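As structure tokens, here come the structures.
Across the two complexes that follow, chain A remains constant while its partner is chain B and subsequently chain C.
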Partner chain A sequence: MTNKSTIRRVSSAVSLVGLLLLACMAAGAATASGAGSKPAMSHEEQLRYGERMYREGILPNGKPMQALVQGDVPVSGSSFTCVSCHLRSGLGATEGTVVTPPTNGRVLFQPRGLLQKNFEMVPTVRKYSLSLPQRPAYTDETLAECIAGGVDPAGRELSRTMPRYHLNEADMAMLIAYLKTLSDRLPPGVSETEMHFATVITDGVRPEDVQAMLLPIETYISKKNGIASAFKRRPQSMRMAVNMMGPDLVAMKMSLSRWHLKGAPDTWRAQLEEYYKKDPVFALLGGIGNGSWEPIHRFCEDHRLPDLFPVTDYPVISSKDWYTLYISKGVFQEGEGAARYLNTMHELLKGKTILQVVRTTRRGKALATGFLSTWKAFGWPAPVTVELSADQPLTPPLLDRLLTKEKPAVLLVWDDAAALPAVAALAHRADRPGMVVMSAVSLGPELRHIPDAARSYLYLTYPYRLPQDDVRYDSFIDFLIKGKSFDEQALRIVKQSYALGALQSQALMEMRGEYYRDFLLDTIGMMPDMDLPLYERLSFGPNQRYASKGCYIVQLGKGDKPELVKRSDWAIR
Partner chain B sequence: MLSARFLRRLLVASLVLISVAGPVQAAGKNYQRSIVKYTMPDVVLVNQNGTKVRFRRLIETDKTVVVDFIYGTCTTICPVLSAGFANLQRKLGADSRKIHLISISIDPEHDTPQVMNEYLKNFRARPGWDFLSGSREDIDRVMKAFDAYFPTKMSHRPLDFIKAPSSSVWVRLDGLMGTGDLMSEMKKAGAL
Partner chain C sequence: MNKTVLGIMAVAAFLASSAWADAPPEIFVVTDYAFDRASNPGAPDVVNGLCATRCNALSADYQSYYKPGGWRLIKAESGKKLVVDLDNPFVKGTCSCTGDVYDVYKDIRCPDTVNKGAAAEKK
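What follows is the complex of A and B.
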């Protein structure tokens, strides 16, 4: 009797808890779906919420999605977003031993066979396809079951690395609606037969620098089009090219427009809009400008247009923007390198003054900004900063007065070669700072003529591989520059542009025939590090937007033909 | 006559040798387990606070050490490894102080102290979990010492290494695993 009564009480309690749970779930669903007093959500709103779930792991109610990985590890959706594995395009990736399948509606709602049609013999695509099991097409219901329970429509359990997300019905529907929009329509600038690009050239750039930028890109396009023509004439003889590129890319022609921007930068946006309207392109390749790249960067963000490796000293420094991929942070990176180097001497510099003399040109300000933002992030107080207007020379008496007043342990001179006499005059000063730092790039050809007396205390930021080491890479670009004459600056641009050609050709071959803009950037983000001329290491990674991350601190050696001598690692820590 | 102590040592040595001969699939599991001896390089790395640390000194400790190789912008393998570390700390509660978790960056050019600090915050890491970076040369030396050299970060594999206090051998776990498996391996290694 007692037992029966206990069982009845427990049973009632379980029923009550069950009812409460059901009520809570229903309430949750109602809130999430906006039912009740709230007006119904528009399709656009649903897609926005779906995108937020996919990219940020945040539910429509503002809370993080919840999930389990590896069977028993609870994780927050904001750490385990869909986008982190399936990528922004939803077209999946391979990283190490983990292969993630596409999650865009166009692919999910088709059955998956053993191999991708027409790509059976393309090694990269073949390997990717064979890593994924065959399955019937998903439906909305089976997709929801898969996201929540980790079982595909063939009844196969997915890898335990795939999070099992707890989502209510309304939130799940929004996520699935968003997946259906991912990479579903070819972007402008791509057709079955052609891929069209543009390169932006702004006013005031030296013609030889423009030619240096164009040379590798146009050579790449010309060679690619040569392959397409040969394939059209004799497809049987192009088997190797087909196997490397796939049957679509091998036959595709490429073209490049030149978009010249004239006048003041605040008029560029209108010019870019006009060009884009008349001449839609898949992506911007290279490009060159003397000033800030910001107007072009913003245009590309707004039009979701990839912009690869523009030649600019002044990129936009952002950890969130997506569409422009820079080869480095430009001048900013040298200031950053100086701050990192000085931070390695924190014991010596504690409580000491650092004096920063800044020429208020674009270059001087970018160097100072790079230094200051990095220096402050390390927790140091801001240095004493003295600004010099464009027409105010840094004379030895002026520098003497500043040093007498501030007595700095380190002097940073963010100026050009005109400051060298004042810096050299410090050799005779008994209480000169232990270290003077300048930008090697800002010194231009005068770098090799630093007075002997200053070489012992003058340290330089140098954001490239050292010239004596880079000669090993000359063979990479010999075929491009043979019979042509370039000065040091133009040669550097050829090398930067060559890196773009290497990057782009590799990325297109790995895109599995899916020529979507976000997937181009996703693919680059998953590419192995590259060892090319000019920079020690170009590395990518999801959301990394500056391929070269290092900067040496060097000194000029002794003698008439001095070499640069390393005083730091490439990546200073 | 052979002493019981000698026989015990012989048995342990034989077991180690058998394990060193090659990794074995952990029974019913998706990862491989092996017991290995490594010699650590004497390199100076930098942690998420920007503090320089002598790596060998960090390893030669009276705490259990668990090491993995990750990078800050990794999308697939590393978040799973790191969620495992975070969950391990939660499950161990106060005992997590006896364990030193060490994640070593395989993308040292990108993983600055700021990036690493942010990464650990994102996983709600507790004290006792350090993320280390350094020069490419030093990181390469550490990877090679663990027989885990990846020329590029995109070719990396999921690996965990466990060393019990005062032990001279490492348990090498090759593959992704849940927290239950990791804890059971730590117990097996005498590390919990």
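What follows is the complex of A and C.
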């Protein structure tokens, strides 16, 4: 195809209406932003504006970017942000057979051949490369032409999926300056031959739980290093491993530091900074703590450091933060599950009272917050809430008094097993609430000893696959736990940490040798659902930060060895 | 209320998959649900959704058998109808849960290769 014919095709594709629009917008934008008349911006400032255009589709003047999409429909760039297609790292996306190419300077300013160097024989990368056309390297000028006019340096017109953006010269320069910083230099903790991680262990965690968390991660790393050593000794015998991992990952050595945090949580930040300065890592893997994960979460946000699947009951619940990926919302998720379940029958609860008794421990408050925020998001009025201090037991007389006063249809008891006698005593009360809801996890081993009389009206939130079903997944972790003994809690941690190993190994294999932190999270965001021990389903998505989204509502069956009986779906809608 | 819990337990026993006795364990995989109008003609519309939840909760997750590998499901009966109490403290009635019944066999042919998880880790 000659350049001439391409140009003709471009101008016919951009319809007259489109051109007129472009002209109008050009006039508007030039006067509105007035970038030329402003004093020169610092490079940092330019990059910040560039980032905002890339991620939010907002121009330096605060207005949305203008774009033409399929069929020359003008849209505002805030609904067609670069990040939504090219992802945060700028390293592009693969969704099924649709490949969106990288748009970071490092890759754009290199010519693209037929196949990626050194990865010619790696099937996944090969397939990926073959789906992208060859082209010469971009320059600043041809890149600006591409973003505005949709033509690449080979003169090829890009597919209409890629919008054409109208930007004035100054704004275009800022956007391009930003693209040049994307996934530009290898991050700390990675070299051509090594990848270094750390795991955070906070004070006060049971030693057996720490071991349970470490076991799958350290096993994964030592196996990976075993492969690297074998590859070094006899590369020709490792064909299959090379094909799966690529020639770089197969030879890469991995290592894991343990960062112990001591003392009060408000001193953790300084300890983390100190560790990180001495021992830079690519990402944090796992980790474990009894309290809120907030200090570590914040540290990771600030250093743009991925933190994968820490074992914590108290993750930070946020829809904006990026770097910490949790396996679930922890205790909060049980409260959320209860709200979703009751929402399925909200019509029957209209005008009736819901009473929430909350022990003001961290756990009780997280359960109540999970319930309340979800319940409110459905648009229902807040329940009547009674708080009990950490040392005030919920005795049968106290609960009786509360019920006589409030006459609730549903009673939520966000407390531990100490509340069971009071809940069981309700069996004799004629006007007891139709449902009493508690957290199964909070009951601990007492879950199996709920008094018979209470089993008919006590509903429990259970954020895991039911034990009788999870046994089918035991074979996944047999090789890890053979010859060792773990109690129920530690075994759960082994399973959570095993999921991290599965996630991590899968993600690294899909990264095509591009070991950038944002791309690690982008890659995980594109991964299909995983079926592993403990959770019914782990699912990922571009901005999703809680992999398990479900929670069962269960009841306890009869007898001495009762099973849990499902009363809801995993994902309650 | 106790009667309904007994009801759940009866179905659970029917579905029980933990006791591996002589007969293969069976699972029920729901395909359809309906509220039995006749059981409570005045019930509000929300009961349809409640029956969906009720029937889904009775259903085994087919995926949770074939995903871990090592199990084979052989259909024993199609379109079986289970009538169960709605078992909701705020509204009376019954649900009809339609589904297929499968016999569950532990696949003993080559457990290590069938089991993807273990196989992947053994490499």
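The rule we apply is simple: the second predicted complex is superposed on the first by the 533 of 573 C-alpha atoms of A that agree within 3 Å, B and C clash if a C-alpha of one lies under 4 Å from a C-alpha of the other, contacts with A are read in each partner's own complex, and residues count from 1 in each chain.
As a working rule, a residue touches a chain if its C-beta (ideal position, glycine included) is under 8 Å from a C-beta of that chain, and two chains touch if they have at least 3 such contacts.
Because the structure is a prediction, the values reported are computed rather than measured.
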- Scan A:F479 for contacts with chain B and chain C and give back first, second, both or neither. second
- Message: Per the contact definition in the header, classify A:Q70: touching chain B only (first), chain C only (second), both, or neither.
- Response: first
- Task: Pick one for A:F378: touches chain B only (first), chain C only (second), both, or neither.
- Result: first
- Touched partner set for A:L403, first chain B, second chain C, both or neither: neither
- Message: By the touch definition at the top of the document, which applies to A:A177: first (chain B), second (chain C), both, or neither?
- Response: neither
- Task: Could you say whether A:D569 touches chain B, chain C, both of them, or neither, answering first, second, both or neither?
- Result: both
- Would you sort A:A417 into first (chain B), second (chain C), both or neither based on which partner it touches? neither
- Is A:T97 touching the first partner chain B, the second partner chain C, both, or neither of them? first
- Message: After the superposition on A, what does A:R455 contact: first (chain B), second (chain C), both or neither?
- Response: second
- Note on the structure: Check: chain A residues flagged as touching chain B and also chain C 569-570
- Item | Contacting residues of chain C [partner chain A, same complex] | 1-2, 4-6, 8-9, 12, 16-18, 44-46, 49-50, 53-54, 56-58, 60-61, 63-65, 67-71, 88-91, 111, 115, 117-118, 121-122
- Residue set of chain B touching chain A in the complex reads 30, 45-46, 50, 71, 73-77, 79-80, 83-84, 87, 107-110, 112-114, 122-123, 133-137, 151-158, 176-180
- Task: Quick one: which bits of chain A touch chain C in the complex? Just the residue numbers, please.
- Result: 223, 344-349, 409, 434-435, 455-457, 465, 468-469, 471-473, 475-479, 531-532, 536, 555, 557-558, 563, 565-570, 572
- Task: In the complex, go through chain A and note every residue touching chain B.
- Result: 69-75, 78-80, 84-85, 87, 93, 95-98, 100, 160-161, 343, 377-379, 526-529, 537, 539, 541-544, 549-550, 569-571, 573
